[in-house]
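In what comes next, chain A is part of two complexes: it sits with chain B in the first one and with chain C in the second one.
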Partner chain A sequence: MSSVVQSDTKGSPSAFLKAIVGKSVVVKLNSGLLYTGILQCLDGYMNLVITDVRESSGIAGSPITSTYGEAFIRGNNVLYISAAEAL
Partner chain B sequence: MASQILPLELIDKCIGSRIWVIMKNEREFVGTLQGFDDFVNMVLDDVTEYDISPDGTQKKSKLRQTLLNGNNVCMLLPGGEGPESVQ
Partner chain C sequence: MTEAIKEPLDLVRLSLNEQIKVKLRGDRELIGVLHAYDSHMNLILGNVDEFVTVVDVDSTTLESTTRFVKRSMPMLYIRGDGVILISPN
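Right after this comes the complex of A and B.
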């Protein structure tokens, strides 16, 4: 078997992205900033739009530093996107 | 000639098992590999994130199913138990 993972195999990045749209997510940026909110939409660059955004410094238990109604995050800054609730 | 194995084939063999991901910066992740793509973006489950500060202390946090951006990945250790296993 020489082929790598197919684009939409179960468990693949693209399948995960499809599964978490509309769910509550935790997004960490390369700077360490942590954003939680509802994932509205995203694309293959990991550009994303989240609503009901809470921003914190990313250190465990750190307080919320800002809230935004809606935010666009450019994909190049994203370290990870994590499901905040069970999928 | 001994049969060759491609780098991404090795990662493909790790799907379903624990993997230790070491990033370019002072961050490491341990989780169950569920899938990956050609950029080595990875979907991990039951993730522990380690943030290692300059004085050597580790900050640990737990994550659910997570899509880790492959952009800053440096090394993957199949079956790795994380930084705690080597100290």
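Right after this comes the complex of A and C.
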């Protein structure tokens, strides 16, 4: 399946996480809340710091409910992290 | 607050003795001064305002209205597992 691997950033989950630091991301929490912003850093618990944060309920087309300049998200709440721009 | 943040807990450390907003499970938000924290995100907050989002549903019309209930406390210990998000206020 080596043809699927397009770059070293896609080789493993942790390589993906390293590659998206500093990039624009979408984070969904277990509650369904959706956060977009710039991923500043993360740790082994998947605690995150995101800047220029926009929060919405996660339902398609739902409005922004809050904004934060900087936010710490506790890792246990994270359902997924998606890259919102090309790596 | 331009100091480099190398790991997520650095943001919390930089917020010590500053006012922060904490989003908790159960539609609760706290605003208060961060006095102490640990790696579980157990927190000690001073001068705390708690805002609880309450949704009332009228039993006849089924119309729902949301309101915020505010409560103030001088000092509060928050167990880390209830914490969703922390932001410098």
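Before moving on, here are some points about what is shown:
We take it that the second predicted complex is superposed on the first by the 77 of 87 C-alpha atoms of A that agree within 3 Å, B and C clash if a C-alpha of one lies under 4 Å from a C-alpha of the other, contacts with A are read in each partner's own complex, and residues count from 1 in each chain.
Throughout what follows, a contact is a pair of C-beta atoms (placed from the backbone, for glycine too) under 8 Å apart; a residue touches a chain by one contact, two chains touch by 3 or more.
Every value quoted in this text rests on a predicted model; they were computed, and no experiment measured them.
Look at A:65: by the touch rule set out above, it reaches neither chain B nor chain C. Of the two partner chains, chain B and chain C are each touched by A:76.
Put simply, more of the residues of chain A are touched by B, taking chain B and chain C as the two choices. Residue contacts after overlaying the shared chain place A:14 against chain B, while chain C stays out of touching range. In the superposed model, A:84 lies in contact with chain B only, and not with chain C. Using the contact criterion defined above for the overlaid structures, shared-chain residue A:47 touches chain C, although it does not reach chain B. In the superposition on chain A, A:31 contacts chain C only, with no contact to chain B. Look at A:57: by the touch rule set out above, it reaches neither chain B nor chain C. Residues 76 of chain A lie at the contact with chain B in one complex and at the contact with chain C in the other. Put simply, chain A touches chain C in their complex at residues 29, 31, 33, 40-43, 47-49, 53, 68-74, 76-77. Interface of chain C with chain A (complex): residues 1, 5-12, 21, 25, 41, 80-81, 83-88. Put simply, chain A touches chain B in their complex at residues 1-2, 4-5, 7, 9-17, 26, 30, 32, 46, 59-60, 76, 78-87. Those residues of chain B that touch chain A in the complex are listed here as 6, 8-9, 12, 15, 25, 27, 34-38, 41-43, 47, 51, 59-61, 63-69, 71-72.
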